[in-house]
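One chain, chain A, appears in both complexes that follow, with chain B as partner in the first and chain C in the second.
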Partner chain A sequence: MHPLLKKKFLQVAKLLFVCIVISAGLLLQPSAFAADQLSRESKLKATYLFNFTKFIEWQDPPSTETSAFIQVCVDAPRDFIEFLTELTAGRVVGVLRRSVNVVSLDSATDCDLIFVQQAEMMEDLIFPDAVIVADSCTSDCPQASIIFYIDTSRVRFEVNLEQIRSLNVFVSSDLLKLARINN
Partner chain B sequence: MIRKTFLSISFFDKQLLTTVFVNILSLGIMSIFFFSAFSSYYNDNLLEVMRSKVTLLGSTTTSALLFGDAESATIALSSLEQFEDIRYAQIYDADRVLFAEYSRPGVQISKAIDDFQTDDFFENQFAYVSESILRDDENIGFIVLSADTGSFQVQQWRFLLVAALVFLSSSLLAYGLSLRLQKLMLTPINELVGLVRYVTESKMYDRRVYSKHSDEIGDLMAGVNAMLGTIQKHETELFRRANYDELTGLPNRHLLMERLTHAIFSASRHRREIALLFLDIDRFKLVNDSLGHSIGDELLIQVSKKLTSIVRKTDSVCRLGGDEFVILLEDINHVEDIEFISQKIISELGEPTDMQGHLLHISTSIGVARFAQDAEDAIGLLKHADIAMYEAKNQGPGQVCFFNQEMLKKSVNRLTIETQVYEAFHSKDFFLMYQPQISVTSSQVAGFEALIRWKRNGQLVPPSEFLPVVEEIGLMIDVSHWVLEQACSQNVTWQKEGLRPVKIAVNLPVSFLMSVGCVDKVRTILADTGLSPEYLEIEITEDTFLTSASSTIVVLHALRKLGINISIDDFGTGYSSMRYLQDLPIQTLKIDGNFIAGMEASDRSEGIVKSMIALSKNLNLLVVAECVETQKQFDILKDLKCDVVQGYLFSKPLHVDEASRYLAISPSDLGFARLAG
Partner chain C sequence: MKRLRIFFTFVPQIAGALIATESMAQSTPDEFAELSLHQLFEQRIDESFNDGARRSPWTLAHQYKYAKFEGYLDGSDSLSFQDVLWNGPAEPRTTKNFPILPTVITQMAAIIGVGYQFNKNWQGSIFTSYIEQKSEHISIVKNYDFFTIESHGVGDTTVSASYTWDDSARHLWQLSMGLSLPTGSIDEVGDTPRAPGDQQLPYTMQLGSGTFDIPVELTYRRGEADGLDFSVAATVRTGKNDRNYRLGNNISVSSRYQIQLSPTLRTFAAVSLNYSEAINGKDMSLLVNAPIPYPASITNPELYGGKKASLGLGLTWKLSEAYRLSLEVSKPLYQYLNGPQPKEQWRNALSISRTQ
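On to the complex of A and B.
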């Protein structure tokens, strides 16, 4: 090979290697990257999601063994999921001191708490006993138990009391007194 | 000052003060303790309440904190408004950023979250409590609460006021109760103090205290009563011993002097007379020495009983000591009354008295002194009665003498004689003279009678004058010993000089014969002088056997056993008894000179002498006639077969040199009587 070509080849290869290394590095640090990218509002909502697990107790059927964790299924961007995963990592909640497991709704096999971007999306109830938290609801969202909303720049939530009562869960009054109740 | 005041108050006030002080101290300590406990309790309670509120609020606001709902948290904190003591409350998030807050209007919040290093503390008059807000073991924030302790201060003052009131009322109550209780307990003690004061001041032990207490006070009272009883008993006994004679129970000299002094005082006021009778029992010493002290004591008791029965109840019979009694007669109107009582005493005491089988004939001599005639004080009256009694004694047994000033002079003289006799004996002024005794049949000197003589200021003093004094001053035993020793020694001297051995007669009084070791003394004298006992004759008088027959007989038998002759002097003048002629170991009878002197004038006297000589012959006794002064007397005696004669017809008592010559001449006829001329 021509030495010049060989030199050009080596320069391209070097540049490619650098790109590959950078890309690999970016791929290997997605959460940090995601956290930084996530808006304050999303972070608050992710935090609220985690806090909901503290005020809601899921009543497992008597025949089944109590689960060691609370399965939170999230239908949200990857960075949201990662932030939430990072937030709940190593922490336990509730009287039963269960850990919180965050998974993508797409890959979930079981869910206790589901977070969806749009409440209207939940037409089919794959997990009928799961508490559905919707980021927003533009019209009627009967399946969503909790819906976030913004009130004077502050993230608030609304509880569909009828819906949540239909579920096999116990909601703390402390949570209810902070929420806007929708019967 | 306080200590001085405290020491000056009474014991019971001290006790009361001490009790009240202890009560107040206890109450004070209790009040402080309760106040401290109240404060501590109130503080703890306040903090506890604050902690409860903090915990409750922390719990209530957990969700608000978690979901950032400061409004809800503030509303929750605003519920503290109803508690007036709460100043402010704050909630901080986990990053110590103030999340929610409530504060009472006008309250300045001066504490930041970082100032709460400890959970609870007080500063100034504010209480501060902080607490972490936890959720699922995570610290999600802090809550801070501050309260004003002003109400506590008010409560504290109120409690202090109540405590002070309780303290004061309790102190007053304690004082009142202590005072009352002390008075209750003090009553018997006051009685005791009163009793002790009474005893101290009056020296009387007759009062007692009585108590129903069965406690220590009761025991103390019983003890004091018992002690007083014992003291009273001892006091009575001491009084009795000090004032009464132990043997007879009669008042003694001490009580006599008291009564006499009182009687003189009373007689002076009422211008009355009193008489003091001083008496003793004649020859009581003989009774005591011969029959023993027990009989002597019994005799004294009998005499005291008789005296007491004779006099009036208002009169006093006292025993001065020994056999001396004094009778105080008060309110005497006539001297005849005194004479009557005195004679009655002499008469009653003269009655024969049976003492344990011994029939005693005693007599008494009484001296009388009267107030105010003879003396004006008790001592003078007693002394003059004593002098009068001595004069009565000189007059013979059973005599009464009233004091006069002449007796006083005699008494002084007598005292002088006593001193002189005493000095004479110790200065060896006494000497012996020897009167020959002549054998009627052989006309030879049969022996000598040793006679004691005393020359005072160149003048011979009659033995009848100084020998009683010798007896009374207690020198008779020593003098008798000396006479006996001198006589024996002289007889041995004569024998050593080659003169014919003769008997030497020595008069020994009963006091010598009754003295301890009499026989041994005689034996020792014989041994020391070397005189053979057969040349010693002891002369005794009949009176020797009157009161001391049995013991004297024993002594005389012992002397006789030594080989000494025993002679009865002045036979026929005393209480002549045939019995002792039978019992006694006598060899010689000396007929009293009075009978010899009477022979010339009286046939009766001659008859008596004749009978005495016949009696002696029948009893195989040698007869000696004393005081033979005339030839006629000698002739009669010779006719009556008298053995030995002694008297001025032959010789007066001779000095030792004369006696030596008299014995050396050894006359063969009665012509030597001229020597006596």
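On to the complex of A and C.
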């Protein structure tokens, strides 16, 4: 093949390759636009956690300074933590307009609200004053103040009134109205 | 002109992805955060009832990689071009000097990959690449004092499967194994001083390995937005190609520390240790009829491989819930090469990916 012709052929081949790559990308995009890995159920639960920080007031002991943020400790996969971090970023809650800080339970040194996915995690929790939210606890979870459950394809929550009253928190009646109360 | 070409190759890809981002209709963390408690109470967990978001098992990745090699190392000792260039009969010819010398080697690879999530644990993917390489030379051969050779075309294609363990809330393990198919050419030719006209180009200028290779990777991540990731990756070559050689096996160990700067921006620093073997066998068409048959260091299969420790810095920008744009710049901190061998100066990678 003549060198000039070969060069032109290679240029056309390269252009064709780039077009194929672009076309493949465009063809795949309709399906690629789908939601991310985190399930909608998990997203809704993360949103509930954020709402709990709005409707629960943590009463700091009088001798201590009020913290500038509410510490939410999460025992959940990375995607869940990232989603909750983004959801709460830049937002403030409560009359004290405190920000919400999301950390992994594994590395937490202080917690106001704890979300646990595995019930066995609750056995060795070292934050006795924290409000514990359990994900669909099937067995006995006496330490959990709030337990998620699913009803008619919707995320619902049960409040253990006795447990949550034993903590130094005030729960808004707006939240209790929507909860299934477990005395 | 080449820069312009690369720019125009970039634009449609990035623009396409950005347009895609704008047209996405799905629930973002912001949208969830804006829900009132009562609105939240009414949300269904089956997505189709609440929004139009469609879950897809497909993933897409597109990456551009650049690397530049300049200067020479023998072990960890730096050599000048004059140290490696054989200046003719007045100087003793050894296995460490050559009449032809590559001075600057640049490589660019545009990689496209498609993945499919079979279930929670298993994912399959296929990657292929388009490669452009350029090598500038000096030599003592008449009419070839300075010359450049180039090669470009489709590289090897890798089909792989990965299994992820994510049952623990805070630990994620992923094992990937694949098969690299020899779709890249090992018969690239160009005008070199070896003889008039086009001849077989050295190993560095070929587009593929010519063998069926097995890439394996094990990755560990902690379930936190910030923190350390670790991975071990290896490529095992099998058999020999049609030109009677196989590229060296290689293994790398890397660790990456990432910090979430904002909800959409993450930075990371990575350290990697790489070891690669020399080429096994030899392509006889690269040799010349002389007591030392290698006209250039890159034609000697023993002068490949070595050890490298590199530091990489990068940024990942979350364009949307699904799309990520990532830039990484990496530079070797230490190299011990089977030399004389061209020294790696830096490598960059720009990627856009649709993750699940």
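Criterion: the second predicted complex is superposed on the first by the 145 of 183 C-alpha atoms of A that agree within 3 Å, B and C clash if a C-alpha of one lies under 4 Å from a C-alpha of the other, contacts with A are read in each partner's own complex, and residues count from 1 in each chain.
Following the convention adopted for this analysis, contacts are C-beta pairs under 8 Å (C-beta built on N, C-alpha and C of every residue); 3 or more make two chains touch, one makes a residue touch a chain.
As the structure is a computational prediction, the values presented were derived from the model and not from experiment.
Q: Between chain B and chain C, whom does A:A46 touch in the aligned arrangement: first, second, both, or neither?
A: A:A46: touches chain C, not chain B.
Q: Count the residues of chain A touched by chain B and by chain C, then name the partner with the higher count.
A: With both complexes superposed on chain A, more residues of chain A are touched by C.
Q: Once chain A of both complexes is superposed, is A:R154 in touch with chain B (first), chain C (second), both, or neither?
A: both
Q: Which partner does A:Q117 reach: the first (chain B), the second (chain C), both, or neither?
A: Touch status of A:Q117: second partner only.
Q: After superposition on the shared chain, which partner residues are touched by A:D140: those of chain B (first), chain C (second), both, or neither?
A: In the superposition, A:D140 touches no partner, neither chain B nor chain C.
Q: One more residue to check, A:R91. First (chain B), second (chain C), both or neither?
A: both
Q: Is A:L178 contacted by the first partner chain B, the second partner chain C, both or neither?
A: both
Q: Touching chain B and also chain C: which chain A residues?
A: In chain A, residues 44, 48, 51, 54-55, 91, 154-155, 174-175, 178 are touched by chain B and also by chain C.
Q: Please output the residues of chain A touching chain C within their complex, sorted ascending.
A: Those in contact with chain C are residues 10, 13-14, 17-18, 21-22, 24-26, 28-29, 31-37, 39-41, 43-44, 46-48, 50-51, 54-55, 75-78, 81-83, 85-91, 104, 106-107, 117-118, 121, 150, 153-156, 174-175, 178.
Q: With touch defined as at the start, can you tell me which chain C residues reach chain A in the complex?
A: 9, 12-13, 16-17, 20, 23-27, 29-30, 32-33, 35, 37-38, 40-47, 49-50, 53-56, 58-60, 62, 110, 112, 114, 130, 152-154, 166, 169-170, 172, 221-225, 260, 262-264, 321-322, 354-356
Q: Where on chain B is chain A touching in the complex?
A: Where chain B meets chain A, its residues are 60, 62-64, 66-69, 72, 135-138.
Q: Touching chain B in the complex: which residues of chain A?
A: 44, 48, 51, 54-55, 91-94, 97, 154-155, 157, 172, 174-175, 177-178
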